[in-house]
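Common to both upcoming complexes is chain A, partnered first by chain B, then by chain C.
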Partner chain A sequence: MEQAEKKMSPRQLFLFIIQAQIGVGVLSIPYDLSKTAKGGGGISVVIAGAITQIVILMMWTLLRKFPGMNLFQICIRLGGPIIGRLLIACYVGFFILLGSNVLLNAYMVLQRWILQSTPKWVVLLLFCIMTYYLAKEKLTVLARFYSLSSILFIPLIIFVSYGLTQARIEYMLPLTEAGLINILKGTKDTTISMYGFEMFLIIFPFIDASDSKKLKMISLSNLFVTLFYVFVVCTCLMVFNQTQLPMIPEPVIYLVKSLNFYIIDRADILFLSIWSITLVCSIASYFYAAADGLAVLFSKKNHQMFDPFVSVAFFLIALLPTTPMAIDRINKISEYAAYVFIAGVPFLLMLFSLFVKKKAGGAV
Partner chain B sequence: MKRCRGALCLVMLGLSTALLTGCWDREYLKDLNLAYSAGFDLTKDHKIKETVELIIPPKTEQSATTNEIHSAVGLSTRGASNILRARVRGNMRVIKNSVQLIGRSLAEEGLKAPMDVNFRDPRNPSSDVRLVVTENDASEIIGMKKIGELQIGEFLTQKISSLEKMSLFYPPETVNTVFRSLTDPGQDFALPYIGVQGSEIVAKGVALFHDQSFSGSLGKDQSIMLVLMKGKSGGNARFTKTVNLDTTKPIRGSISYNVGNKKRKRVFHVSVARNGDVHVTLRLKLQAVIEEFTGPQLLDDKAVTRVNRELSSIMTEEAREVVRELQQANCDIFGVGRQLMAYHPKLWKRIDWNKEYRNVQFHTQVQVSIIDTGVIQ
Partner chain C sequence: MTSSEQTIYPSLDGNISYIRDKLCHTDDLKVRHLTYRGQSSALVYLESTVDPTLIERNVIRPLRQGGDEDLSQLFLTLRLETEHKLDKGTQSLLSGNCLFFTKDDMKQFYVLTTPAKYERSITEPENEGIIRGAHNGFIEDLTVNLYQIRQQISSTDLKVHYHNIGNTAPRKVAVMYMNNLADPAVIKKVEDRLKGISIDSVLSTGFIQEFMEDQPFSIFPQFLNTERPDHTGAYLLDGHVVIMLEGDPTALIVPVSFFCFYQTPDDYSNRWMIASFVRFIRLLSFITAFQLPAFYIAIVAFHSNVLPIQLFFTVQGSLTRVPYPPLVEAMLLELIFELLREAGLRLPSRVGQTIGIVGGLVIGDAIVKAGFVSYTMIIVVALTAISSFLIPSNEMSSAIRILRFPLMICASIFGFIGIAFGLTILFIHLCKLESFGKPYLSPLAPLKIKGFKDAFLRFPIWTIRGRHGEKKHN
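Presenting the complex of A and B:
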């Protein structure tokens, strides 16, 4: 990256992380939670948010030790040219996997609800073109687009809030029906929807703010996302009963569909059209991260020449699985990969950095 | 390099214009046969008979639309629709569907199976589709084709919405709300109940459901009472009763009053006694507007107090009768079971609600107070 490039403002960081975090997962959290946490789904989400916050703190302690560097450069600095490059390659693979997983799930939702006869490759191609177009730009362009599209959260929140007119608090009670252990298990299902905050590792040096301000902004966006999820989960839990929820894989869309707006029927079509833009933002973030990783891997100044490859990789990985089982397997693999690459590796790097710093300090 | 990028841009532009138009998921209105209303019956050999009213667009712009009635028998709802599709020209679609009739025989059998397609297929509208139970076969009503000047589907939609305004059934039960109640063990529902009398379609009241099947019905006044007991009102709730204002003389007058358009107060409380008995307190405070009084007296303060007392006792008795009918039909329309699940989960796990609901002790009380006697006393 060129030094002269304009940096992101803290406000843009806030919206960037929100856009990267809120993806396809939120549509089905209430369903995932209905299997484990039942009425206590809201509590599970809050716990997941707290865990995310701890991981964010950990990332922050790692990143602030190396001013002006992002994850990839830190990998090289700490691991040396070979191990570092290996790590970067793994990270690139991880981001491609996660991105195409979001892409695949986005397609599945659209296919089920609106585009029933449109071939899979068309939808995927359209998404790939959109994300390619966005992610090939500089980070500031992404940030500006994300900020602009954040306005779209307002109609989405209004749609979901309208569901409160059908809500019955009794459906959610008793909160601890499933027991504490199941509520904790539910946390695991929610973490998938929290992914996206790891973009922090990539964009950290490109933000025009002090380290503590950066932490504050990203914590705020985590708080916003957690509260948004709690709101969505609680609304769904109050609208659908516990027999219905396990039948409906995307309760949020079902909720919007079941609302009567008098003038329009099938509000879910509007909802999903708006939602697609948020999905593009999520996918574009992973796209950018993967391309940026490739650029560092091959010591290139910018990532534009790698973009087509990433795009093709996204397209192919999302195109391959066709049976629900294969899709499930991809989801599982990305979930476990995320534990390793979002929490595990940064944690090891952080421990390592403490060690190295001391040594380096001793040498100077 | 620059030329290459230009070419790429052109290709992208071409691709997006070609692909963004959404060529696959489209349906032209001119190719469709819109089913405005549909009815489902159970045949003797346990198959489903579907009767639909199709709207045929006018040939010229000035003339009105006409309708056709078709029916088919299939193993399931969608199965019957598929057979129907083979009979009518073009593609039959229910996207403009606003009312579905269910014959009593099918309602007694259970709604879960025949309604499944409504919940499963996202293209079926569900937020504003009314479900109605018919006394005899649903095909009989749809087969009437036209009521006066109106086509049957239009007539039914208008009829139901006007009955909703009269609080005969309110809040509206749509496919969605029924889905919710069908899956809820602690909540039952009631659907509008209509029948044919001569050449007219008349509202009979409501059909009560237990779990998923028809289990009883309420009359018209009772239906309005039920709506009030749910704490709702569609706008108007009118009753006509006979009251006796002077015990010394046998003069009786009939009084018509409306309790639907003023504020109502409702107390609904579920409590569990120490021995496990479930008690439900249901208290209603209604404010009545007198619309007609045929008695000889003036409705002065003294008379009003008396009328209040009389009406309160009549309405309380009526409400208790409604509760008896509900328990008879095992229809937990107030969601007492849901309250138990939420606030007394231990008790809920212990009891068999299907049996226990009949033993719930309701304490029903209705209080009517007249707040307006119109422009004369």
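Presenting the complex of A and C:
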């Protein structure tokens, strides 16, 4: 089977990034925001979207300087063989950590709502099998599957918009009740759920479009995800008032649970089953990124031989934390690591690339 | 094909005894002695493969009338070749040729085509009947099949390429394509894989299919089978490549996508609204054909609270008498149904009607009254069966029927999450699958909006102009 990466189209890029970004965070955003931003949750999400857009812009300026190279190859190019390889190893570790984090949170949600008695390792094994089967293929297959599973957004949006029938706008108002500082604090909580666009760094050279078109597409993805989150958050803020919200850790699922269609009573089970496919897409993106990094690290053509190791790493890291404090600790570590690796390191690389380019006069 | 260096013997008898030996002294080998230009000659043929009228008229009569011309002018057969390798000549005896040796010229012998033809008449294939359109179908003779295709497509761009496949008992295979439409990469792949087949004898197109498939371990077929010339012609005009085997009425079409298995010629003969509706129903049956039992098991075993309260009472009420878990109940009934279906293929038609009624009554009613299965399960199995037979292609329908069982097991272990798991694995597999370079799920993934004009619905013919955006040269 040829593993040569063919290119994916801009439309596939759009759906790819959306699927990679939307993960498990959105289910509990309204709850996290109720502690800080209260009614202004929607504004927090919008600001978070703007921040991610700036980060995307920064990544884009870095990437377009090195046509045909993705993040890992840029690391080697700019950092030299030793520092570059070290950087790649850190990135691989980061992607594995973040992917395991999503996997762990996915398990927690499923365990709380549907699979209460299933042992942890069984659920993790299911997810690991799905992600392994998906991510060991070439990028175009991933893109195809992501585009296919994007169709599942339609029932998701329908479910959530049904909640608007119970909405009361006064629960959300006044918008700036908590004050600007708290809204900005809420932005911090929201940015964690927006991660996924860093896949852009990995798949950039494999897209069949001009640089500006790529930027346009990924900005559109970010916009879509931001709007989707705003929609979900506002719906929840309008359905539950501020005394109820701090008591409901996953307001979105709780909202869907209360809905009553004619043939389905408990829509949240269906909702979560459909949602788990989106989660698989998110985890698979990190899986693919980690495996690709390992392939570049060991100078191999394709990442097939590293996939089992990455899979086992995901499984073990998600299996380890058992207490809520341990889970909280992993969440915190992922959060801080993300600040460093998604914003910090690309920023440094970008500065370095400007500097290096000027010095060498175009040929690096 | 083994080719020996044995050339023609200088004596007539030497040649005849060599041929007799090679054919294991078979009784249907006949020799007729004649004279030509005053010298003795021999006509060797297998009486089971030749047409006696052709021999009498085109070979024996000209010789009898005492012609003196060169043999290549004398014989009236359609094709006439000279050979000096005896093995090739012996092989050609098997295809209905006769060999002519003459003492006048012992450096070569003549191979004359005088084949017998016994064909069945051109009738509509049983498994691919349609309401409106042509009712002819392929038969076992390759030449007649090519004739039917050329009647469909009278274009100078239609190219036929013959191959001989099989080591000890070779058979003729024809590869057909439109020279200006088909993708040259696909053509090359087809011919390379065809030449790479190494087997004693190709008994059916199924052999060719298994040798040439991209993923023989996948449950989904990557070749489309059809016995209809109009269907084949339509695919040829779309730029596909067709493979046909001598002696098998099935045509193999590549490259195919998933949606090709859901198309019938009826879709294009009917008006577009009706055709769209029927096409849509057919694709909907894809969902019910393998998921319905799994949904039933998941709901009954784990998620009974998904059903509204009245439906819940009905379902649970009929289940109270069943002594074992829903998975066993479902498996039992599904297996009984598979047994019935397979037996139905071999029942003589007169007995079939009676057994059908008895089976329906017994299985349907008595098994529920006895408390082995519930009524809901019968409904589920019946709907599933009907949906799986809606699929025009037999291979795809079998594939989907088999998929029911793993999905049922997933549902019985994990409920809805199990179904999500099973479906994810299935769709990842479908996304991976490629038939000769063409993605299996196109136009759905990769998304090609133009291709949607003929996938889920059938848009009017005048909008489906051009081909579905595949790679094509010029």
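Keep this in mind: the second predicted complex is superposed on the first by the 356 of 364 C-alpha atoms of A that agree within 3 Å, B and C clash if a C-alpha of one lies under 4 Å from a C-alpha of the other, contacts with A are read in each partner's own complex, and residues count from 1 in each chain.
Here, a residue touches a chain if its C-beta (ideal position, glycine included) is under 8 Å from a C-beta of that chain, and two chains touch if they have at least 3 such contacts.
Since this is a predicted model, take the numbers as computed values, not measurements.
Contacts of A:Leu126 after superposition on the shared chain: both chain B and chain C are touched. Of the two partner chains placed by the overlay, only chain C lies in contact with A:Leu148; chain B stays clear of it. Touch criterion not met for A:Phe298: it reaches neither chain B nor chain C.
Contacts of A:Arg266 after superposition: both chain B and chain C are touched. With both structures placed on the common chain, the touch criterion links A:Arg112 to chain B but leaves chain C unconnected. When the shared chain is aligned, chain C comes close enough to touch A:Thr140, but chain B does not. Of the two partner chains, chain B is the only one that A:Lys257 touches; chain C does not reach it. Contact with neither chain B nor chain C is seen for A:Phe309 once the two complexes are overlaid on the shared chain. Contacts of A:Ser9 after superposition on the shared chain: chain C is touched, whereas chain B is not.
Under the contact criterion defined above, the residues of chain A that touch both chain B in one complex and chain C in the other are 114-115, 118, 126, 129, 133, 262, 265-266.
On chain B, the positions that touch chain A within their shared complex are 12, 15-16, 19-20, 22, 24-25, 122-123, 125-128, 174, 176-177, 179-180, 183-185, 187, 335, 338-339, 341-343, 345.
Listed in rising order, the residues of chain C touching chain A in the complex are 303, 305-309, 311, 414-417, 419-421, 423-425, 427-429, 431-432, 439, 441, 444-447.
Those residues of chain A that touch chain B in the shared complex are 112-119, 122, 125-126, 129, 133, 166, 168-174, 177, 240-241, 243-244, 247, 257-262, 265-268. Only residues 8-9, 11-12, 110, 114-115, 118, 126, 129-130, 133-134, 137, 140-141, 143-145, 147-149, 262-266, 269-270, 272-274, 276-277, 280 of chain A touch chain C when the two sit together in their complex.
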